[in-house]
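What follows is chain A paired twice: with chain B in the first complex and chain C in the second.
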Partner chain A sequence: MDSLADPTSTPFEALPSAGDEAEPRSFLDRLFDRGHLVRTGIDGLYGRGGDFESVVEALDALVSRLGAADGAERIRFPPGMSRPAFERSGYLKGFPNLAGTVHSFCGDEAAHARLLACVEAGKDWTEDQACTDIVLTPAACYPLYPVAAARGPLPAEGLLFDLQSYCFRHEPSVEPTRMQMFRMREYVRMGSPEQVLAFREVWLERGTAMMRDLGLPLAVDPANDPFFGRAGRMLANNQRMQGLKFELNVPVNSTEQPTACLSFNYHQDHFGSTWEIGQADGAVAHTACVGFGLERITLALLRHHGLDLAAWPADVRKQLWG
Partner chain B sequence: MDSLADPTSTPFEALPSAGDEAEPRSFLDRLFDRGHLVRTGIDGLYGRGGDFESVVEALDALVSRLGAADGAERIRFPPGMSRPAFERSGYLKGFPNLAGTVHSFCGDEAAHARLLACVEAGKDWTEDQACTDIVLTPAACYPLYPVAAARGPLPAEGLLFDLQSYCFRHEPSVEPTRMQMFRMREYVRMGSPEQVLAFREVWLERGTAMMRDLGLPLAVDPANDPFFGRAGRMLANNQRMQGLKFELNVPVNSTEQPTACLSFNYHQDHFGSTWEIGQADGAVAHTACVGFGLERITLALLRHHGLDLAAWPADVRKQLWG
Partner chain C sequence: MVLRMMISSQDIRETLGGIESLSGQVDRLSDDDDLFDKGLCSFGSVQLMLALEERFNIEFPDHLLNRTSFATIRAIRSTVTTIVEPVDA
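Then we have the complex of A and B:
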């Protein structure tokens, strides 16, 4: 994998101080103090202030500019996807603990009275909630594969899609970069192994250059998804050994555990087989995606350039706002 | 309520044809055909094509321009909110059937094996899903009230917020304007009754002018929320009689049942009491909001001006894209 964009194991320098040394506050608390994030009482679930959101929007637009020449088809899915599609996707094999199913009340007026009595008494009122046809989107590309499959075999040049959506992962945490609900921008490529690997290589270079131009220290490292359980550890090792996943890491909350801000994933024929997506020549389609964690990159910028956007380096502001 | 912006009961003219008369297709099918919406297999849950999304974005920006001079505080909440806050909000009293709770798997590896066996066999695998601390946001302003309450009494001039989020309502439907997941833009005013009623009046005028400038036929009508059950009918009648809710209706899927594209709501002291939000003088705060259904307005534009954005009237395009 020596063609990969400059992987490095150089240790990161110490992070900028998280504030007044005499009265240390966590990075998360400082984000609350400045109104960049807004408390909801739930770990990993936050409102975003106006400045924070303006950075997310600028990053989203920057990624669009970087990919503009490629002519990707733009689709925006809502934050939930079809449950039958989710079941078929295989997500439950690897990450059952992260998924979020949507449940609703389907009872009559008597059941409603019981529900309200439970709420009033502080008891569990959710027992009668029934699972709907909707599951929260775990990654922006999951709703895409059945859509692509329904179109029939890929054209010879393959397909390229541009996605962005809110995603959900059930992992409550006070680590500000580990949110339960966050936005993921993605480009997804479908085609031959050569086509999708070339796509991944291009975005490894573009993504690395983008983050350098934003003044962020980074390392590109082999990585694995957080597969569940003991069997999951084998899957993770396999993924890492085969070089299927790389992450672009930036120290945000710590230098020892930097944050994956971009990820570059080669799925081989996993989704092509699962959804019966064929190449033009009849072979099973391969797929790859590049994902941008919009909140994570925003948090990296706030950590390295400070909480006052107006004081960010001029060249960083120029990258974002022209 | 004669100061309200020109309510009218004039019958709407017939809607433009939904396509080739020789081979009629529903409006929803035509939206799929043109790629404005993307099928997921679930009624009311759709992907949005690039053109559709560009209209949503332009409308969002247009609403921002209309409200820019007011200096609203911008907050963007994710599509889920705190369950304790949701329980306290009172939403379950009125609309238990529309809410969506988020559930997750919390079991061990043995439970995971059972779950996968159920998925494989096509049986219900969701029984062991446990309710998380997150409920899908039912309306953009619901996560806001506890945030405002935590700040203490309102300043003398009250507060004004600018919100937008994906919302969820469990009402599967093939009516394209009745989606289960959709975006609502809102301004929310908190203060004295006079302050919040003046806010509502201003936005009734601005919203009506905006929709007229977009070339859409409209009526402003008294309305009520879809409260659940028999007790709910009394609440609905009361709301309508007191003039607490008005909707700006546009025929989209039918002339007989036009679509509420904007809504103007005076909550009196409902949220102020629920969340103990006080005015500067110690009285309970009143609140009001104006909500813009971004997908609904987009669908109204597509229905009235056609599915080809480039062929929309020049003055409509100018309103949206300058």
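Then we have the complex of A and C:
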């Protein structure tokens, strides 16, 4: 547990120059200019260009190689989850402001005519939109817990899952690292406290080595989730005090506010209790996960190694593409 | 002359009695029992914080919004006492 007790937090050196100082353009603008990201007109909602996507895919494959020997069960959920499962998960207690629900038109023909008239007139057309049974996935592991719970008690060795999903969080921003829809790769461990903490420790080491080998400056720091409101400050302080969450930060937008590219989370028995997941001996299961922000790591690489992938350091390219 | 509102352990126990994760246990708790060991969960601690604010008409400052402040009946009593507004007699 040494790396948890002694996070490798260090001050960062200045970021590479943003380019032509005579005509400064933001990092986001330069990503658009080079076709790495594609504008949609909505902050935080972007298309991805071919080069950008090739990095995301290479990172996804790299994470697979790092975890290959562990024998995780691979599952891919769509980027929407069951609304009843979402409600039971407790997400709304901590992050009501980030959640995204899927609504659809549920009116009759008269309501359809009203809808079209409203669209035509530029008025609110959503009156007859009703909440469906689908909620946008807020984190890749949220759809997993009810699935694991339905299988009954965990085996003695616990369970390990490999997930990847587009996720949604309603937090529009012009910082390219804060997208509203982004991909999160995760490994999720379920078992005894000792099993899941050992898993987190392994991934703290693996994740840190992976990012160092990609030539990125980094610091691993205690962290908290962005819980909502004053009650959220209490939860955030508790999370930090208990050492439940660590983030691997890389300066991307600024050195003062580096970007969390990986997170290492110990949920204690939160999901085990919520979903009644039991260990083999009947005790409530503990869970932990490691999350990789695939777009964020890609953006960190573009920021530090430049927008031309062919000009990236050879050892970085080798890590990604062999 | 300035008097402070006296906060008793019993005041704190009555508030704890309304917290679901501690239900049925409050009478058996000593002033120094760790409430989190006794089943108080994170969201329970938030409910407790809000209930104490309502009962004593106070607002906990950010630096006191942590587990230490709510860990035991004695700690809660101390925390509440330090922030109860002085009352002019």
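Methods note: the second predicted complex is superposed on the first by the 318 of 322 C-alpha atoms of A that agree within 3 Å, B and C clash if a C-alpha of one lies under 4 Å from a C-alpha of the other, contacts with A are read in each partner's own complex, and residues count from 1 in each chain.
Criterion: a residue touches a chain if its C-beta (ideal position, glycine included) is under 8 Å from a C-beta of that chain, and two chains touch if they have at least 3 such contacts.
Note that the coordinates shown come from a computational prediction; the quantities given were computed from them, not determined experimentally.
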item	value
Partner chain in contact with A:41 - chain B first, chain C second, else both or neither	first
Larger contact residue set on chain A - chain B or chain C	B
First, second, both or neither for A:93, with chain B first and chain C second	both
Chain B versus chain C as contact partner of A:233, first or second or both or neither	second
Partner chain(s) touched by A:242 [first = chain B, second = chain C, both, neither]	second
Doubly contacted residues of chain A, that is, touched by chain B and again by chain C	93, 230-231
Of chain C, residues touching chain A in the complex	42-43, 45-46, 49-50, 62, 65-68
Contact set on chain B toward chain A in their complex	38-42, 45-50, 53, 73-85, 87, 92-93, 96-107, 109, 112, 115-116, 119, 124-126, 129, 131-134, 136, 143, 146-147, 150, 162, 166, 168, 170, 172, 179-182, 228-231
List of chain A residues in touch with chain C within their complex	90, 93, 230-231, 233-235, 237-238, 241-242, 270
